Structures are given as C-alpha cells and as structure tokens.
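Each of the next two complexes has chain A plus one more chain, namely chain B in the first and chain C in the second.
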Partner chain A sequence: MEQTVQFFSGFNVNDFLFLGEAAGRTLLISFVSIALGTLLGGLFGWALYEGKLFATFALAPVLDVFRSVPLIIQLVLFYNFAPIVGLRLDPFMSGVAVLTIYTAALVANVARGGIEAVGQPMRRAARSLGMTYWQDLRYVVLPIGGRAVFPSWVGVALGVMKDSALVSVLGYVELLKASQILITRTQEPFLILAFAGAFYFALSYPISLYADKLERRWAQ
Partner chain B sequence: MIEISDLYKSFGDLQVLKGINLQVEKGEVLSVIGASGSGKSTLLYCINGLEPIQKGSIKVDGVEVHAKDTDLNKLRQKLGMVFQQWNSFPHLTVLENVALAPRIVRKLPKRDARDVALKQLEHVGLGDKIESYPGALSGGQQQRLAIARALAMEPEYMLFDEATSALDPELVGEVLDTMRLLAEEGMTMICVTHEMGFARDVSDRVAFFHEGLIEEIGPPKQIFGDARSERTKKFLSKIR
Partner chain C sequence: MFEYNFHWRPVLKNLPDLLEAGLVTLEVASLAMVLGIVIGLALALIRLKLRGPLRWFASSWVELARNTPALFQLFFFGFGLGAFGLHLTPYAIVLAGLTFNCAGYLAENFRGGFQAIPETQIRAARSLGMTSAQAYLRIVIPQVIRIVYYPITNQMVWAVLISSLGMLVGFRELSGETQFFASRTYRIFEYFAVTAVLYYVIVKIILLVSRLLAIKLFRY
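Showing the complex of A and B:
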C-alpha cells in the first residue's frame, strides 16, 4: 500500500484563536506606537508652530523624510542597520521604534494645525487673565486645538494601526504574519485573509464609532 | 494709577503711537474715541503688556509694565481686559469659563473659584446660564460672560477694547448697561469705544485720538459740547 504524506491540514478552531492572539499583538504594537508617537508628535508640532530656527531647518526636513519614505523601507532599513550601531532590538521593539517615529511625523503636522486653529485673539484673552504661556497651552490651546484636529488624529491613528501590518516583514507575528503562516499550512487564502480583514475591521470600527460619539458630544 | 509717558509704538514701519502722555486716576472712567487706526486699541494692548513698546513708559501703580523684571502674569491680574471679539472658551461651560483663571492663576480652591465665578456671573446677569456652553449664548451674553471672566480675577482696572463693536445693534445695550454698572461701582476703566452716548454719559474724561496722538482730552462736556480742536469737532460731526 502506498503511503501518502499529508502536507496540508484544514482551518480549525485553534487557528482562529491563533488569529485572535495575533490581533491582540497588532493592537498592542499599534497602541504603544500611537501613544508614544502622539506624545512625540505633539511636542514636534509645538516646535514647528513656535518656528524656532532648529525646528524650521532641522526638524521639519527630518519629519518630511519619515512621512515620505514608505514605511516598509523604513522598517527593513532600521531593523537591519540598528545592530550596526549597536542597537539590539527584537522585532517588536524595532516595530515600535519605527512606527512611533512615523506616527510622530504625521501627528506633528496635525498638532501644529491644532495650535494654529486656536488663533491669536483667544490666546491673548487667556494671557490677559494672567495665565502663563504654559497655562494657556494646557488649559486653552490643548483642549480647543485638540478638538479641532481630533478627526485628523483619528485618521492618523487608524492608518497606523493598519500600517502596523508591515511589521510582519520583521517577523513579528501580528495579524498579517499570522495569516501568512496559516495560509502556508492550510492553502486557504480567501478564508483566512477574510478573517484577518474582519479582525482589522473589528479593531478599527469601535474606535471610529467612539470618535464619532466624542465629536458629537463636543459639537453641542 | 496708570501713568503713560512719551509712549511710542510701531508695527514694523508703521508708527501707531507717537508720544502718548496720559494719567488715569483710581476710580476714573476714561473713554477713548477716534477713527479706526488712530492707535486706541493698541494703547490698551500696550498697557497690559500684550504688545511691546519702542519708547517711553507705562506704569501701573508704580510698576513699569515693560521692564524686564516685571512679572507680567501677576500684573495682568490687576488689569481686566475685554476684547471686541469676546473669545469665550468654547469647551467650557459658562461657569467654568469664569472659574478657570481664579482656579489656576489665583490658585483658589475649586469651591472658592466657583463661588467667585457665580458671584460675577450674577453680577452681569448671567446667573441662570451657568451650565450652558458659550455657543448657546447670544453675542451680548458672551460679551457679558467675558466681562464676568475678567472681573473674577478681581482686577483693579478694566480695559475695554471696543466691547460692543462686534455686536448686533439690539445687543449693544445690555453690554453698555453692564459697563455702566461697573462705572457706578467705582471701577477704574479705560474704554475704547465708538458709543458716543456712553462716552458722554458715563466717562469722567474723554480722550480723542488722532493719528497716534491725543488730540484733545477733557470732560465729556468739553469734548462733546465745546471742543477746542477743529479735528475733534470734525470727527464728532461726521459720526453724528
């Protein structure tokens, strides 16, 4: 009797759990990168707005580079060249580093727009009450400007979450990488990519909904 | 007392104030009138240090406003300012708009800041609007809110920069009434205004600005009834 070797096996419940776990990693790397990138981007945006020499001639061009070079190239370059300068980072840390800077480069312009949206008269009114520069930033510019550019920021955040799929090229097993692994074994790309897509949607959609709700509340 | 001597201010090449000398006593109400661009508003911005000056000096209770070691944030607490555009904080309720500065600048406990805010909002007749957002208020109400917000810092001087110019005509009255109330309570006020009725009835003195200089200053009776300068007469005849 001839023996057959089974190379492929079908999609099963455990695979679904595997995808769920990978979705968790997508969420983790996105959350960390977006949080850090937003903080850093806010700082950069403020520097761009204040327009000091350093910001205009050093920061702005660097941010332009990070915004313009495709993320996948940044990831591969960083992951392969970081060890040369003595940085030993695992795929997760490398992904976080690149995604954070990428997010910061995008958020910087959003943040600058937010500060501009507040306008000089409003800020003078705040200062005329005796607020310091920093109190004006914290209690007037941040909440008013933040609300003005919140939709753009949500757009950036959702974009970064989807772009985090590219970290798979470093071998970090997030949703896309997990899907590729399963496709190789099951040979069922349609089914698995549909599931992966559904997971991305399940991660993004609640954020969109919540953002809409916030915006509506602020509009009152 | 506010003492201004030999004040020069320019924006780039544009000379806006060309040697202003002026003293405003405690308890006095001074109205500043004149054509647009004559430097009236700029004077107010200079008094509370929102604009740097090129020459001369401004002293508030003996403190040099533009001296390097002056704590402007502290000085500004003495100088309430109301702008043409009311600039209420859209993300805060009416009450929070007024309570914010007392809380973070005067460092009052939350409850005290709230009490101060309530008192001032009732003062300007907005006691029933405290939970509303500014967006739900009329222009006149927002301007009264701005007045309450400035008063909550318990300033010793109030600077009004064309406080009624951006309002619909039917809303001007309520803001002028509030300003009149303050004047009656003895607040020291400098009011840049185009409301000649207000200037005549409420002020102790009226200053007529012409191209960056005080062309004429005196009691309302003099300015409106017996002006010495031809320019003052011409200006007043044009707007009547």
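Showing the complex of A and C:
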C-alpha cells in the first residue's frame, strides 16, 4: 500500500489552544517589560528632570538612540551581542531586556513631563509645610504628575504591547509567530490572521478608548 | 570573556550596498508618507463631515491601524491577501502596510488639527465675504498645517523605523539587505551594528531637515 505524506492539514481545535498559549506569551512578555520599563523609565525621567550635566549629556542622548533605531534591529543586535560578552540568554530574556530598555526610553520622557506638570509653587508649598524632598516626590508629585501623564503612559504601554510582536525575530513564539507557523501548515492565512488581529484589537481598543475618556475628563 | 573577534572588513566592503538599501528605505517610507497624508486627510474629513457607511469605513481603518501591531498589518498584506489569490511583491507589501498604518495615525492627527480651529473663525471669514472654499484655503488649512507639521515629522520617523519590518516579508530595504549579508557571512553583530548607526543617521537627518523646513516655512 502506498503511503502519502501530508504536509498540510486543516485547522483544528488544538491549533486554537496553540494560538491561545501564544497569546498568553504575548501578554506575559508585554506585562513584564512594561512593568520593569515603567519603573526604570520613571527613574530616568526623574534623572532627566533633576540631574543637570549628567542627564543632558549622557542619559538623554543614550535614551534617544533607543527611540531612533528600529526595535527589530535592537533585538537582533542585543541577541547577538549577549553571547559576545559571555551572557547566555534565551529569546524570552533577551526580548524582555530589549523591550524593557525601549519602554524605559519612552516612559522617561513621559515621566519628565509628569514632574514638570506639577507647578513649582505647589512643590515649594509642600516643602514649606515641612515635607522632605522624598515626601514631596511621593505624596505631591507622584499623584498629581502621574495623573497628568497617565493617558500618555497608557499610549506607550499599548505601543509596547503591539511592538512585542517583534520578539518573534528571536524565535520567541508569541501570537504573531504562532500565527505564522500555523499559516505555513494549514494554508489558512485569513482565518488565523483575523484571530490574531482580533486579539490585539480587543486588548488595545477598549484601553485606548478608556485613556481618551480620562484625558478628556481631566482636561476640563 | 572577550573571545569574539570582530570583523568589520566585510561590512565595510558592503557599505555601498547598505547605503543604497538605505535609499530604498527612504524611498518606500517617503512614498508611504505621501500616500498616507492624502488618505489620512480624506479619512479625517470623512470622519468629521459625513455619516453612514463611508464614515464607518474610515473609522474602522483608523482604529484597525492604531490598535493592531504594524507587523500584523504587514503580514495581512503579505499572507492574508493570499487567501483571496492576491500575491503582492515584497515592495508592494511594505508600501501597502506602511501606507495603511501611516494613514490611520495621520488621520487622527488631522482630525485633532481641524477640531482645534474654532468654528467661529470660519463664520467670521464668511461674514467678511470669503467663499467657503476661500475660508478653508486661507484661514483653516494654514493653521492646520502648523498644528500637524510636528506630528507629520514624527510619523515620517516612525515610517522609516517600521519599514525595517520589511526584513520579515523578504523586502531588501536597509534591514532586509543587512539580514541578507549577515546570513551570508555570519557577521550578524557587525552588520546590524552598522545598520543601527545608519538608521540613527537617517532619523537625525530627517529631523534636521524638517526643523530647517519649519524655520523657513513658519519662521520659528
């Protein structure tokens, strides 16, 4: 009896699980990178605001590089640079490292804007009430400035979530990479891409609507 | 620790090719921007002035472009259209994807620009005897151009950066060309490092030119 090898097979239930798992990985890498990047970016933003010489001549240009070079190039570069200095990183770790710095570079500007949004008189008032510098930052600048730039931060976070798709170049199987794998096997590009697109859209659209609403309400 | 030997010679040998590929990047990004500005303007006006199915179409375009990853959009034009028997060349895929993306983002900027001009200005212009077309051409449009100029330059930078995704659909722009040479010589780090520098230079040139143009056009 002759046997034929099947290269292509139809879309089945397991593939949905595969896509779902990959969507989970997209969420995971985005969440970790955005969380770490926001912390780091807040720190950088504060340094840009406070640090005089160092920030203008060292930090700002370096952060600018991460915003002027395509993320995909940064990923490939870092992934191939790590072994040179003796680091053994898997695609996930490399992806998190690059996405974190990338997020931090974007958040730094947002954070600086937030600190600048808090008026000098308000901060002097806080200090003259006997607050220390750090108390002023924690109880005055953070709530007021944070609120002012929260919508922009949401924009950055959603951007990073979408850009996390690029980690697929390192072989990390997130949603788009998984779609690509399934498309090659099932030859059903439209269905699979529609599913992937719908996932990103369902995540991004409501959050951006909410951020717009907040921005409009707070602008009044 | 540092056992890797850097070999820059092959990269230098291919530098003319890379520079030429940089021109391809600029070309596709500029073309996408021109198309994106025209389409984005149309989308913005439709969303502001019309109702019905056309408005629904424009809104879907804008929201899809803004809420899904650029890579997804490229894949859609690459593989997704294949489901309908439509196979684009890599150049067309990147151009279509970039145009779709830029038009969506620009439409939102244009909409904001138009909304920033108070309705009363048009009424004032009309009562001074201007026709509707004159009021738009002489009062509204010049102001809108000033408002959207900065977002347009940002979008141009963004177009150059995301054109690097062409590498993943087999387009030989700067990133694709780099990938091609890197995989032939296995000098991945060296090639991508030079490409990163080239992208940085391209972005800085765009920003410089737009700055000079702004001084010439708007005198600020």
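We adopt the following convention: the second predicted complex is superposed on the first by the 198 of 220 C-alpha atoms of A that agree within 3 Å, B and C clash if a C-alpha of one lies under 4 Å from a C-alpha of the other, contacts with A are read in each partner's own complex, and residues count from 1 in each chain.
Operating definition for what follows: a residue touches a chain if its C-beta (ideal position, glycine included) is under 8 Å from a C-beta of that chain, and two chains touch if they have at least 3 such contacts.
In this text, all values refer to a predicted model and were calculated from it rather than measured experimentally.
In the superposition on chain A, contact of A:Pro70 is made with chain C only, not with chain B. In the superposition on chain A, A:Arg147 makes contact with chain B only, not with chain C. Chain A is touched at more residues by one of its partners, and among chain B and chain C that partner is C. Using the contact criterion defined above for the overlaid structures, shared-chain residue A:Lys162 touches chain C, although it does not reach chain B.
By the document's definition of touching, neither partner reaches A:Leu17: not chain B, not chain C. Looking at the shared chain after the overlay, A:Thr132 reaches chain B, while chain C stays out of its contact range. On the side of chain B, the complex with chain A involves touching residues 45, 48, 50, 73-74, 76-77, 79-81, 83, 85, 87, 89-91, 100-101, 104-106, 133, 135, 146, 149-150, 153.
Interface residues of chain C, counted against chain A in their complex, comprise 1-2, 4, 63-64, 66-72, 75-76, 79-80, 82-84, 157, 161-162, 164-165, 167-168, 175, 188-189, 192-193, 195-196, 199-200, 203-204.
Remark: chain A residues 121-122, 124-132, 135, 139-140, 143-144, 147, 218, 220 touch chain B in the complex. Those residues of chain A whose C-beta lies close enough to touch chain C in the complex are 65, 68-74, 76-77, 80-81, 83-86, 158, 162-163, 165-166, 168-169, 176, 179-180, 183, 188-190, 193-194, 196-197, 200-201, 204-205, 208.
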